[in-house]
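The same subunit A turns up in both complexes below, where it pairs with subunit B and then with subunit C.
Coming up: the complex of A and B.
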């Protein structure tokens, strides 16, 4: 029979015993990280994403030119002085793209954060409590899903058109229409988690509902939440671009990728450097975010053992 | 005898089902005092787990509970959820059957034990909680040294997880510790260790233990008192010594006869109890065991036998012919 007396704290035994057997102690996060790192496309995309963000936010330090500042060189093609050329007012396109990317990324991240938090909370509440709360929350979710998003966005955005801090209302509007898929997803996860034994065990030690939701349900649904959050970033940046393209998003003199593309579209064939840099930036950014999301999804799903090249 | 910590009287639990009400527990009485161990034995569906979940207030809302559950004289049935929550994990603790799934996979074991403490003592600092968690892990035989308290459940073996569950259950010095088949999911070699840990936990806290099991050997080894349940009722109660030595109910006799024994010649065949447990939607009239009982007479089909003391000891049996079983050739 084994000796059950607790080991004195000073005794080093236990930890070393484990090492002796060559067992590597790995937490779930380390496992996820390991799986993610094996996904080369995702890792490459993450590097690209990092590079794009650095370029966008280190803008003023990389280039002598400032966004929105007209210069003497009008409508110049790309050169040593103006990497992406200039427009008809002599404004440097590289500086514009940087500024636009900053705004777009800001909007996208904030939208992702707000909609993910809200969606996860709604889903967790609905799935955990079931009953009438579930019915009400899910019908509201359905309602939001049936509303034609772009039409409402245009109407509401028009109200804030021209106000100085127009980007914050835009964030809220986009976020208000981005939380529903996650709410449904988390509800499904919560419905299955609430029946798990560890939730009953938590209840048996006297944990309150709030504690169970925030300590047991939500942390266990973190995988789908993170994956969905990543994909929302890509979605939000596209919606913001679409709004700005139509003239309802970020208002001049501020710029976003959307209104840069919109401004450049007439010149796409003659002065291509006005159209392609913001367009390519947008393309690369969305592509990279999607691949990272894909990699995360695979990393969080232990059932999927597909080895990716 | 000391005043009982937990006293259950005439407990009925009924679940609504599409086929009609399922009478899972039909009038159960029990009492345990501090430091005592009560073993509840019975087949699957005999109502042993359900009755204890009812005591803990952990049954789903479609369960209808009547009767009385008194903890230190205080009535628990009908109490608001918030008050029950304060008792649960504090004064009443429970250990579940499957330790593999009873721990949250994304939180460290130490953190989860600390959580159990915090749920009842919100003023506890995180650091103090974790220190206490490590101490508790030591008590149940897990090394307190790093990195164990900071391990995740999947890094623990089944036995260690059940030890961790016990540590969590005794974190707040409970007065009643309910163990619902604590060793069923574990290797046989681990079972004895877990039982020993349970005993030590009882010594450390002075709690009354209610051990739910279908393993008669386990009850014989750990419990002081035994209650045999069948079809939602207690059919025999008494000290482990009396009940095993001289069973007074045909069902108990059947259970014992269906156990393999090493101390006999090994030539006798095991005697199974014929038939299967009754449907609890339409339990048989009279004695619920009569369709499977080899001593059954017409009286058994008509009259519900009540649990009554037999032979002047603390042993009680719910059989009309408890006194005559010997003459009927039971043994």
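Coming up: the complex of A and C.
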């Protein structure tokens, strides 16, 4: 579903700062890293994520088959030659899944980058300047939130059906509807940061508004920004594959995990190897991203929801 | 309370107007309803021109918006470009089909979501809590279309294995089925099970997590400690003091999500071939039936705003701090 809202944390207060009484001077990033590494599930997920990305992008070097290349073995079940079997044209499913994963991961990362930059900027401007700019920006954010995302994505994507280089427009339109939660989040952080002493100090020594926003406000809201960015990656890959599944996303001959699943769905009963591998890849990828995001959230903000048992 | 509702309405109505405008512009910019005619070389230019005038496509987009909005306010969304049917009744039929799917699914998902969330909060860090967390993350990460297709596959396999038509996987009812009230509704129920299950699993994942978080917060509140300290039975503290307050965020969340689900069930409906809102939108898009698409988007955007308003009002009603704030 077109949902960029994160789940509440899985282990509130689990990552407590054990090194509280240490005398060693540590930077904030070392602390965050330390806390993250104690979250075993998140570290495991990061490793899995790395493995999935490597499998996807080392595609041509891992197997002898190329994506989109028909071969002599038609509709073969998985074997040593074809790890995930072949389809009715003799195209190797493993090569297809690798290629589809590449596209889907590219789209997701680019969407996360674009929507995060835009959302953070909007939020920082609204929170820092307050007043009419804040009012206008937040009303626009509300407006975007009332629009049924998936439906509008379908409408806009319908325009690009049939064009061969369809993945860049897809990225832009998904990003255009993914930035709102972060803008609200950063606005809240900026509203509180702008009243802090270090911002006052920066202003006292004559720092410009631009400098204060980019050197003080944004770097100090990096925690929520990064956590949200991770979750947008998972959300974006689900939205892109859903669009492709419905036939409005990545267009053939290019493949995404979404249209692979859509092609395989008819064959689920007779040739399961066309249907299950791309779906499992997608599921594992999203699961790993969400667990990493959860670990990062605990690492950046160990105080939140701390519960006395 | 009356003033609070009025304040909220004052925000909601302009929101619907702006969002209808945005939606109209998006649809107008995104497609060309005459593309099919243009693509056909045997159709003369004059026919295309006549069609263009008939659909008012020769007028500037703002004028078209005015005409469309005036009709929509009176409840007239125009006629389908493709079949010539009135869009309003068509849309209404589709909404009823989708509501049949959503009503049961949302009810069950809320029930189980709350039970699982409260259970996990009461036994934090127990085996049950970890299991609930794992499944919530699993279904939260699950692509809806894949889950729906897997359930469909499993349903068909079970049917084959038992030799009984236990699960129906296509459509919302058997076409042409005649019979009494009972046989029609048992047939409809059979068609409901799998698509409902898809929506339920996905929604439980999200709602149980929110319920758990809000229950944990309340359980640590001072008034719960007070209630325990004055010696109330633990069960009474949990149900009367903690749960009542922990339900407030969920009520509003469910209201907001219900508005989104009316348009969000597109994928589930597509996989199970329901002729609800999902099919209407997808077919409208594929044939560039602009009136259908625009009416569809207007209704869904309005639903989102209405249910957001409902959520606000409910929140204000349940939590007096909000309506005074």
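One rule holds for everything that comes next: the second predicted complex is superposed on the first by the 279 of 309 C-alpha atoms of A that agree within 3 Å, B and C clash if a C-alpha of one lies under 4 Å from a C-alpha of the other, contacts with A are read in each partner's own complex, and residues count from 1 in each chain.
We take it that a contact is a pair of C-beta atoms (placed from the backbone, for glycine too) under 8 Å apart; a residue touches a chain by one contact, two chains touch by 3 or more.
Note that the coordinates shown come from a computational prediction; the quantities given were computed from them, not determined experimentally.
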item	value
First (subunit B), second (subunit C), both or neither touched by A:286	second
Subunit B versus subunit C as contact partner of A:216, first or second or both or neither	first
Subunit A residues touched by each partner, larger count belonging to subunit B or subunit C	C
First (subunit B), second (subunit C), both or neither touched by A:196	first
Which superposed partner A:205 touches (first subunit B, second subunit C, both, neither)	first
Common interface residues of subunit A - those touching subunit B in one complex and subunit C in the other	1-2, 5, 7, 9, 11-12
Subunit A-touching residues of subunit B, taken from the complex the two chains share	56, 58, 85-90, 93-94, 96, 98, 101-107, 115-116, 119-120, 135, 138-141, 143-148, 151-152, 154-155, 165, 168-169, 171, 192-193, 196-197, 200
Residues on subunit A engaged by subunit B in the complex (per definition of touch)	1-2, 4-7, 9, 11-15, 18, 25-28, 196-198, 200-208, 211, 215-216, 219-220, 222
Complex contact set, residues of subunit C against subunit A	15-16, 18-19, 22-23, 26-27, 30-31, 124-125, 133, 136-138, 140-146, 149-150, 152-153, 156-157, 202, 205-206, 209-210, 212-213, 216-217, 219-220, 260, 263-264, 266-267, 270-271, 281-282, 285-286, 288, 293, 296-297, 300-301, 304-305, 308
Touch list for subunit A against partner subunit C, complex	1-3, 5, 7-12, 142-143, 146-148, 150-152, 154-156, 158-159, 234, 238, 241-242, 245-246, 248, 258, 261-262, 265, 268-269, 272, 275, 279, 282-283, 286-287, 289-291, 294, 305, 307-309
